[in-house]
Amino acid sequence: MRWAPPLKDAGCAALVALTLAFPLIGFQTSDAGVGFTTRFAWVGVAAVVVFVGRLLLGFAPQRFRLHQRGVRSTAVSDGKFVKLAAAALIVFAVLLPVTPLASRRSIDLATLALIYVILGWGLNVVVGLAGLLDLGYVAFYAVGAYSFALAAQWYHLSFWEMLPLSGMTAAMAGILLGIPVLRLRGDYLAIVTLGFGEIVRIVLNNWTAVTGGPNGVGDIPRPTVFGMPIASGAPVGVTTFNQFVGIAYDPMQRLIWLYYVALAVALAINWYSLHIRRLPVGRAWEAMREDEIACRALGLNPTTIKLSAFATGAMTGGFAGVLFAARAGFVSPESFNFQESATVLSIVVLGGMGSQLGVALAAVILATLPEFGREFAQYRMLIFGAAMVAIMIWRPRGIFTVRAPSVRLDRP
Amino acid sequence: MAYFLQQLVNGLTLGSIYALIAIGYTMVYGIVGMINFAHGEIFMIGAFISLIFFVVLGALGITWLPLALLLVLLIAMALTAVYGWAVERIAYRPLRGSFRLAPLISAIGMSIFLQNYVLLVQGAHEKTLPPMITGGFDLMQSGGFVVSVSWLQLIIVGVTLLLMAVFTAVIRLTPLGRAQRATEQDMTMAALLGIDVDRTISLTFVIGAALAAVAGLMVTLQYGVIDFFIGFLAGIKAFTAAVLGGIGSLPGAMLGGLLIGLIEAFWSGYFPSEYKDVAVYAVLILVLMFRPTGLLGRPEVEKV
Amino acid sequence: MTRLPLLAVENLSMRFGGVIAVDDLSFTAYQHEITAIIGPNGAGKTTVFNCLTGFYRPTDGSLVLMSDGRDFRLERLQGYRIARHAGVARTFQNVRLFAGMTVLENLVVAQHVVLTRASGYNIGGLLGLKRHRDAERAAIARAREWLDLIDLTERADEVAGNLPYGAQRRLEIVRAMCTGPRLLCVDEPAAGLNPHESADLAQFLVSIRDRYGIGILLIEHDMSVVMGISDHVVVLNYGRKVADASPAEVRRDPAVIKAYLGEEDD
C-alpha cells in the first residue's frame, strides 16, 4: 500500500479546507460590525476532518470511487423487489393510524410526508422522466394552494369541489409557463423556471388586494366526509359527520380523515404515474430526455410532449397545494419560495430521477428529518445541498439506480 | 430631469457591480458550457469576507483607509478565489462528460450548500458595517432636486472600468488568455495542442471568483448591510445581465451588467419598487424567448 | 420498369453567414432505388440531409417529396412534420439512439404517432381500452419482426447504449424504418465498421429496398458499399454537384477522381 500519494492528496485537501474555513468559520463578527471573536479551533477541526476524509477516500476500494466518466451505469430491473417494497409501504401507510405509533403529531407529520411524496412524483414527471429541469415547481404548488384558498374565501367552495378545479388551474399554469421555455435548453430552462417561481411568489406577496399579501389567506375548510364536516357543531341545516355517525367529536378524527384523503390522492397519483409511463406520451417524455433531436427525426412533436409533461407535473403540484392548504388551514407566500423548489428537486434527485419508489422514500425521509432533532432541522438544507452534489458525483441516477423499462419483449 | 440623472448615476453604480459578477458567469459558460449556479454565492462569500476583514483590520489598528481597503481587497480576492477553485474542483470537474443535467444539479446543490454554510457559520442575522467611504459632491440641481454623486460611487465605477480593461488585456494579450480562448473554442483540440485544459478551466473559475469578490466588497461598502441571501438575487440578476449582453461574450457581460443596473434603478425610481425584481426576471424571460444570443452574442447553429 | 421520382431537389442552397455549404444543388432520387451522395469531407452532404429532414431551413431552393400523388414541400414543413407527414426518416452520423432505454423501447417510441392515435391521445390508453392494447401488441410484433431481421431479438430488453457499435447502427436504421417512411436517409452507416460488417450492412440496405420498395438516400465514404449497392450516385464537392450518374459512370468520371484525389478504398 503506497502511502505517499493519498497522504499528499489529503494534505492538500486539508490545506484548502484550512484556507476556506479560516475567514468564515475562524471569525465571527458581532452584529454591530465593530468587534469580533475567533473560532480557530473549529477551523482546525474542519481541516482535520477533511484530511481524514480524503485519506479514507484515497484508500477506498474502486467501488466507491467516482463513477467512470461517460460510462452508463444503467441496469434494468425486473421490478420484483420494488413491487414488494411498495406493497409493504402501502400496507404500513394504510394501517398507520391504528398502530401505536399514531398520535396527533405523527399523523400530521405523515400527512406532510404524503404531500411531499406527491410533490416529488409531480416533479419526477418533469425532471426525472422528461428531463426538463424545472426550478420553479413551487409556483404550481402555490397556484393549487391559493386557488383553493381564494375560492373558499370568495365563493365558499369546498375541498372536494376545488381539488379537481385547482388541479386544472395548476395544469393550465403549467402550460402557460411551459410555452415560453419550449425552445430553451437545460441550463436556460432551469433559470427561467426559477424566475417564474420567484415571480409567482413576489406577486402573491405584493398583490394584497387579491392574495392578501404577506398575511396570506386563512379559514381554509378541511375536507368533508361526503359533504359532512367533522366538527363539534355546525350551522343550522348542516349535519356534521359526528352527528351522523353518533360519535363524539375529537380533533384527531379530522387529522386522520385528512391523512386518508391525502393517502388516497397519493395512491391515485401513483397509479396514474405508473400507467402513464407505459403510454405513448410517457415513453415520449423519456425519449425526449434521452435525445430530443432523435425524437424530432422520428416525427415526435417536441412542443406537445414538453407541454404535456409540464401540465401533468403542474397538476400534481396543484393537488399537493390543495392538500397543503387544507392541512395548514392557512396559506402565505413565504411557504412558496425557492427553498421549497430546491427541496422537492433534491427529493427527486436523491430518490433517483424516474424511480417512483425512490422518490417516495426520499420524500418521506426528507419530510421527517427535522423531527429527529433540532440539529437536523438546522442542517437540513446544508445536507440536501451536499447530498445533491454527492449523488451527482457518485450515483447520478440516484439511490435506486435501476430503471424498469416500460415495455418488455418477453413479458409484454 | 435631475431625478432622471440621479437614477442614471445609481444605475451605473449598480450596473458596475452586476457587470463584475456577470463576467464570472459568462466566462464559465463560454469555457465549459454550463451555468455556475453557485457563482452568486461566491459573490456573497466575497462580501462576507470583505466585511469580516474590515472589522478585523479595524480591531487590529489598521485604520488608514487606503491601506485597509487595499488589504481587504487583496484578502477578499484571494480567499474567494480559493472558494471558486474549490467549487469547480469538487462539484464540476468530476462531472465533465457526464449526462447533461448532472453539472447543473450539482451546481444547484453547491449553491444551496454554500448558502446554508454561511447561514450556519455566520448566523442568519444581517451583518452591518459602518460607512467607510463617505462624502461626495453635487453634480447639478434642478427644480429643488439635487443630483449627488458620492465618492464611493465614482470609485466603484472607476475600479470596475479599470478591472475590465485589465481583464480584456489579459484575455487578448497573454498566453493565459490565449489558452482560455482556445479551450473555449475546442477543448479537445486545445488539449491535443498541449494546453493544460484543467488548469485553464480552474483559472477561469478563479478569476471569476476574484472579480465577484470585488463586487462583494463594493456591495459591503455601498450598502453597509449584507446577509447570507444576497447571492441568490444578485446571482440571478447578474446571470440575466450576462444573457442580455450575450452569453460567452465579455463585452456583453459588461454591457449587460450596466443595462440591468440601469433597468433596476429606473424601475425603482418610477414604478412600484416591490416589483423591480419581477422587471429583471421579465427581461431574462423575454431575452431568452426572443433573442437568446443576447445583444452581442454570436448565433448558435444546432449541431446535428 | 419506369423510374418513379421520389425526391426532387431543385436549386438547393444553404448559407451560414459567409459560408456557402450547399450551392445550387439539383438532383432526383427515385423510388425503389438507393441513391448515394458522396464527396470529400466538408462537401456538404450532411447539410443536405439536415435540410431534407428539417434541421436546417434552406436558404434557397425546393425539396419536393412525391408519393401516392401527393407532393410535400420539405423546405416548408416544420421539423418533426417531415418525418410524421412526409415520411422521411433518417439516421445520424453519430448514432443517436435513446441510449438509456431498451432496444425494444427504441423501436416502440418510433411508432409513437400510430400508437398515440390508437390510444385516443393517451386517454384511451389510460382507460385500458382494447384499441390501445391491440395497437401496442401490433407495435411490439412489428418491432420483433425487425429485430429478427437484424438478429437482436435476444437483446430486446437490454439497454440500447450497451450494444456493440455495429448493432447500434443497425438498430438505428431499423428504428427509422419503424416509422414507416417513404424515404430513408442513412448517414454514413458503415463508419467504424470492419469490411465484413460493412458488407452485411450493405446487403441489409438492399433487402430493405427490395422488401419495402422505398427510396434510400445514402451518405457514405466506403466506396465498396457505395459502388456495390447504389443504383444512382450524386457527387458533391464544396457544396456543388460534380457528377450525377450510375456508379460505373461516376467511377470513371475524371472530375470525380479529381475531387477525391484518388481517395478510394475497396
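Every chain is named by a letter (A, B and C) in the order it is written, and numbering of its residues begins at 1.
Just so we're on the same page, contacts are C-beta pairs under 8 Å (C-beta built on N, C-alpha and C of every residue); 3 or more make two chains touch, one makes a residue touch a chain.
A quick note: this is a predicted structure, and the numbers were derived from the prediction, not measured.
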When the contacting C-beta pairs are counted for A-B and for A-C, which pair yields the higher total?
A-B
Max Cα-centre separation from chain A goes to chain C
Per-chain C-alpha centres versus the global one: which chain is nearest?
A
Hey, how far is the Cα centre of chain B from the one of chain C, in Å?
48
Approximate Å spacing (C-alpha centroids) for the pair chain A, chain B:
31
Measuring from the mean C-alpha position of chain A to the mean C-alpha position of chain C, what distance in angstrom results?
42
Do you know which chain A residues sit against two or more other chains?
293
Multi-chain contacts in chain C, i.e. residues touching at least two other chains, fall at 55, 92
Among the residues of chain B, pick out those that touch two or more other chains and give their numbers.
302, 304
Spell out the residues on chain A that touch chain C in their complex, using ranges where they run on.
72, 74-76, 272, 275-276, 279-281, 283-284, 286-287, 289-291, 293-302, 403, 405-410, 412
Residues of chain B that touch chain A when the two form their complex:
29, 34-35, 45, 48-49, 51-53, 55-56, 58-59, 75, 79, 82-83, 85-86, 90-91, 94-106, 108-118, 120-123, 125-130, 232, 236, 239, 243, 272, 274-275, 277-278, 281-282, 284-285, 288-289, 292, 302, 304
Chain A residues touching chain B in their complex are 16, 19-20, 22-25, 27-29, 31-36, 66, 69-70, 127, 131, 133, 135, 180, 183-184, 186-188, 190-192, 194-196, 198-199, 202-203, 205-206, 293, 338, 342, 345-346, 349, 378-379, 381-382, 384-389, 392-393, 396
Where on chain C is chain A touching in the complex?
53-55, 79-81, 83-85, 89-90, 92, 96-102, 104-105, 108-110, 112-113, 115-116, 119, 122, 125-126, 136-137, 140, 143-144, 147, 153, 156-159, 161-162, 175-176, 179
